[in-house]
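For reference, the structures are reproduced in the following blocks.
Next come two complexes, and both contain chain A; in the first it sits with chain B, in the second with chain C.
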Partner chain A sequence: MKQKSQSVMRFLTGSAVPILFITISVIAIPLSNYSGLYLAREIVTRLCRDSFLVLSLLIPVMAGMGINFGMTLGAMAGQIGLIFITDWGINGAFGLFMAALIGTPIAILLGYFGGIVLNRAKGREMITSMMLSYFVSGIYQFFMLYLCGNIIPIKSPKLLLSRGYGIRNAITLNVAGGFDKLIRIPIGKVYVPFGTILLIAAACIFIMWFRRTKLGQDMRAVGQDMGVADASGIKVEKTRIESIIISTMLACYGQIIYLQNIGTLNTYNGADQASLFAAASLLVGGATVSKATIPNAIIGTALFHLMFVVMPMAGKNLTGSAMLGEYFRMFISYGVVTIALVLHAWKRHKDKEMGRALLREISSENTGK
Partner chain B sequence: MSKENVLLSVENVGKQFEGNRVLKNINFSLEKGKILGLVGENGAGKSTLMKIIFGMNEIADTGGYEGEIYLDGEKINFKSPLDALNAGIGMVHQEFSLIPGFTAYENILLNMEKTKPSIISKIFGKKFETLDRQEMKKIAKDAIDTLGVQLDENALVSEMPVGHKQFIEIAREIDREKVKLLILDEPTAVLTESEAEILLKAMRKLADSGISIIFISHRLREIIEVCDTIVVLRDGVVVVEKPAEGLNVRQIAQWMVGRDVAGRKAVQVRDVDISESNKDVILDVEHLWVDMPGETVKDVSFSVKRGEIFGIGGLAGQGKLGISNGILGLFPAGGKVLLNGKELPLNSTFNALKGGIAFVSEDRRGVGLLLDESIDWNIAFNAMQVQNRFIKKKLGGLIKWRDDKAMKECADKYVNALQIKCTSTKQHARQLSGGNQQKVCLAKAFAMEPSLLLVSEPTRGIDVGAKALVLDSLRRHNNENDTTIIMVSSELEELRSICDRIAIVSEGKIAGILSPDADTAEFGLLMSGLSNLNEEGEEQ
Partner chain C sequence: MNRVKEGIRNFGWPRIIIGLFLLALFIAGPFFGVATDMSLNDVIVRFGMNSVLVLSMVPMIQSGCGLNFGIPVGLVAGLFGAVMSLEFRLTGTAGILVAFAIAIIVGAILGLAYGLLLNKVKGDEMIIATYVGYSIVFFMNLLWVALPFKNPSSVQGFKGQGLRVTISVQDYWFHQISDILAIKITNNFVIPIGMILFFALMSFLVWAFFKTKTGTAITAVGSNPDYARAAGINVDKMRVISVVLSTVLAAIGMIVYQQSFGFIQMFSAPLAFIFPSVAAILLGGASVNKASILNVVIGTLLFQGILTMTPSVINSAISIDVSEIIRIIVSNGMIVYALTRKAR
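What follows is the complex of A and B.
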């Protein structure tokens, strides 16, 4: 009986974060007065828009590096790709693939750089990757603001600021919907963009396959115990860099998918919040900084965005003030990460306690009978 | 000894850590297919010597070593353990190096995984080959079978008993191709007798297949049983190198310590009234059950008088370890435990500690020490956390700070009493030898000045000479501080040398409680669970 209550406890602490957010949603949905159909449409759109970005966080978690806030670097690479193909006037899904092609080497380069930096900050990867993204963001802005149109040729005046160089802040993408419109089939009254879903499925399959490769196995080993992995001859630093490179590349593609859905590119601050929202989604899905699965990513994305849609309206209806509704939205997106991280710290504490109990179990002398 | 048959020869090797010399002029050699037993007191330098041979970074980081080592006639100079592995040396450390979240077979084949190529891997390289888990399991199974032990290659290492982990580590080392030399640093310390037996057999088998083995153990019987030659280290010097044939435990122990160890006069024994009429009971255990895997306690009742030393013995796996772990609340437990007549809530470690109980676990690796903290800090830690000791209050308690001086005094006291071998009490626990870490665990419990002290396997990893020291210190603590002690041990002689009464656990129950002077045969009967049968037989 004790054992049973312990396993129930384990489940509860394990899913504390998703349970909290489901509870909040259940209370907020009726308050918002949104119809089921509206919510279904919103969720489908947002799942397709964001899942890929969230998936890009999984591999560094596996390698023990926590949540890679440096995925912003990949998002920037994707945006650079998009700006070029927009300038060259390439349209549709082909244009998006071209953007990915341009973004890939940039993402690899940035990921390599990020990996090296994170190797110098073992144990503090998350905060370091956050600082890193601010730093690289500065370089990115310099590139966009001064180099583009000056040194880097940009033809289209629609992209350039009136002074003749530097990229405008809001760019309408003519590749908008490139993936979404590919295979768009209505299910009931909800349009489902199967083109994008195929890409997300491909990412999931890639991650599942990757976990089974030698490199994936090395990352798991490094993630669990760098010392032991090193002693067995696994190149720890290299493996960690590779995990960041892969994450950055996926984030690059994720941002392209995200922006083709949105339709406009916010050149200077579009990438900033990508990592914040992706991290929040993953944590809401019940992932921890040391263990994250594909279901965590998908469920988390759905849950987080459900809240994101419902809360402002619920807030407005509750208080009668649109201002407060807006405030609610901001509050949620930042609050979520904080709450999820705090809950996660608590959960880790609990896990540790249980782990300690487990450890003792293991250490018991056992004849094996 | 024919020169070409020599696999390893160590010549004039020396080592110092920041001016602290631990090895001096070491010379010995090892032939192919032979087992060399390396013995010596705690801190004699055994592990350090092995780390040198294995090229551990710790050695280079602390200034390297002197002298030469030859493997197969070639001088070795390993930059890292990887070079050693490639040269055919495998080592199983005193501390485990397994990945807890991996299964047994994943660990055995760590970084030696079998993979299948695919189109993608042909383009992007071998790293992208997928694992051939079927093949990996087969190889792991073969290695496990070679050792002759029963264990599931699919089990998670984190859920395995310590003994099995040890086998996994060894399986990993022998699985490497071209392994020539296997270094085993106290592999049997965590094994039960039957497991140790299996391991010794496996070692013999490996040696017969041509692999040379260096075997470190404090159980001298094992050394005599399995080794071809023995090397005795004392204070960093080789004092004896001899064929093991015909040696006895007492002789080896004498070489280790440098004086005769037998005939120790026990500390004067205090009289504690252990008869039924003494109602001054400190701990009363009624119908205790504990769900500790491998050490299940079914129904145990006993009471401990204030001031006595109460021993708990029995064969491995019968439940003796479960009792102390259950009382401390480390495993799900039920029944009733009264401490000083007040009921102790089970399943709550902190309450147990608060109630004046201190515990030394049989598992020093798991719950023991803060390795990167100093010795004095380790010793004072629990006392400070649980009892607010070693804390100075200023301004009427508004400001509190650590009383470093008191902490140091306390640490010095125990370093002396237990002869913990260290450069100072500021040395980090990580830098201590295995046996000395165990002593720090004991000191930590003493420092809490508990009214009831539970010690489990207190002499594990302690050398023959220091064993007596540890036992004496328990006795002395009992004498001077009026501390009641419950001692759990698998070594009957140890229990008999200091306990007032000894309970023998069999099949999760107490088979009987005997006086230490009782006949050895009586203990044997209780342990084997046959005593009842026998009594019936006598009545007939």
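What follows is the complex of A and C.
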């Protein structure tokens, strides 16, 4: 009986965030006056646009490193790739593959660097990865503003600032829709870009396959307990670095998919919010800092973006002020991550305390004898 | 030789490099037509504006709550105090004192809630604090739009509803602290003795507090929570006290900043203070779990020095604006460096 109530409690604390979110959305949808068709279209677009980025967060969670806010590093690598292929004038899906090809080595390098830094900050990986992404963003901006067009050859005047070097802030991508337009089939009145969905499915299959490999199992062991993993002969630090490299690479491809859907590249602050929205999506889907699955990622993306579409309009209709809706949306995005992180940290804290209490009981029994 | 090495290690390479860089900028300045007295003036004024904010990091670091990435919790209290004071249309000393009083009360309440929350999440304080800071800023944005403020100088003119993005305090309590005992050395160089004295007073209060029984207990909690618990200290209570203190100091610091700057920056402005404040104290030699007043002074001077000198000197020297990028790399690099150091 006790066990049953405990498992109910566990389910409730585990899915408190999704339940909260569904409640907010259910209230907000009628307020927004959007039609079902419009919402369906928006959700499909946004699922295709964002899921890949969210999926890139899964592997570091498995390795016990929490949410990799440093996925922004990969997003930057993807953007570098896109800028080069735009300069070279390569179009269509082939251009996007080329962009991924250019982005990959950069992402591996950045991921390796990120992994080393995070190995030196065990126990506070999340905040370190976040600060790391801001730090690398500074270097990225230096690269884009001063090196591109100067040392790194960029020919297209459409890309360069009028002073002759440095990349413009907003770039129209001529590879826009490269994946989306590949296999586009209407289901009912909603156009579904199967090209992009195939890529997302490939990422899911890769992650599922990866979990079964030796490396995947090692990562799970490291995530459970670094000490035990080390004792059983797993190279803990190396495994952790590898998990960050994979995450950074996936984020690189994710950003390319995201941008081909959006169509314009925001050179300097386009990547900044990628990790916030991806982290929020994953946590909304019911993932925690130590356990995240593919359904968490997909459901979370759909739910989070449903809220994202609906909220400004609902806020406007409710209060008559568009600003309020916008601020409320931002508040909810950050608030969700806060609540999810707090719930998880609190739960872990409690588990630890219960473990300690149990230990105390055992030891007092022993001394009693 | 060994003593020199030891000294360098204690002072830390980042500080030496940044210090030398700053010195080079000051020496190079006059050759590129940058007036030294004006630069000095800017550095000192910015020191006065930001030092209390950096000081607000100290109590939380000392109690083991880590770097206060949730500084916006205090900053919004400061904003609230300031706009309320304007709402009562108070000017001069009365205006700024009322602003302080309201900011301190609101800061204490918010700080209490924030402290209780951080007690629930020991070990993950920093990442959660960051998100708490962001959340509260956007939550307050809702209030700034929705609350019925009336004073025409703070409300958006064309709609008559919601606060302006920047509110001028020119007619209310502009330079109320800065102008106390201000000494004019040259035309471009006025030392705002008032702000420096104010910072000295705040530092003294913090220093004195850490000499009291409660203060010592907080330090004990920060250096070794298990030992502190064994010694009969209420760990959770001490942590809450430190968080309240940090939040209140941040609220006060915000108003000091506003009275010197002349504007209250509303809405998302507090977010711009997080990383510079954290970076400044780390630059001053603090670590994630140890900080002193000296760290605050050195750190703020170095950080604000870089911020003032790089745009003026480097821009006139090579006529490209790398200052923003240097700021990003230095401040965030400093935080990453501190986070990756082994806790001592």
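As a working rule, the second predicted complex is superposed on the first by the 339 of 369 C-alpha atoms of A that agree within 3 Å, B and C clash if a C-alpha of one lies under 4 Å from a C-alpha of the other, contacts with A are read in each partner's own complex, and residues count from 1 in each chain.
Definition applied: a residue touches a chain if its C-beta (ideal position, glycine included) is under 8 Å from a C-beta of that chain, and two chains touch if they have at least 3 such contacts.
The structure displayed is predicted, hence computed values, not measured ones.
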| item | value |
| --- | --- |
| Which superposed partner A:322 touches (first chain B, second chain C, both, neither) | neither |
| Chain B versus chain C as contact partner of A:27, first or second or both or neither | neither |
| First, second, both or neither for A:185, with chain B first and chain C second | neither |
| Partner chain(s) touched by A:233 [first = chain B, second = chain C, both, neither] | first |
| Contacts of A:101 with chain B and chain C, given as first, second, both or neither | neither |
| Which superposed partner A:198 touches (first chain B, second chain C, both, neither) | neither |
| Which superposed partner A:137 touches (first chain B, second chain C, both, neither) | second |
| Which of chain B and chain C A:213 touches, first, second, both or neither | first |
| On chain A, the residue positions that both chain B and chain C contact, one per complex | none |
| Interfacial residue positions of chain A with respect to chain C in the complex | 66, 117, 120-121, 123-124, 126-128, 130-132, 134-135, 137-139, 141-142, 145-146, 319, 321, 323-324, 327-328, 330-331, 334-335, 337-338, 341-342, 345-346, 349 |
| Residues on chain B engaged by chain A in the complex (per definition of touch) | 81-82, 85, 97-102, 106, 110-111, 113, 115, 121, 126-131, 150-151, 158-165, 190, 192, 194-195, 291-295, 316-317, 321-322, 325, 330-332, 334, 347, 361-363, 365-367 |
| Sites on chain C touched by chain A in the complex | 69, 117, 120-124, 126-128, 130-132, 134-135, 138-139, 141-142, 145-146, 161-162, 275, 320, 322, 325, 328-329, 332-333, 335-336, 339-341 |
| Of chain A, residues touching chain B in the complex | 2-3, 6, 209, 212-215, 217-218, 220-221, 224-225, 227-229, 231-234, 356-369 |
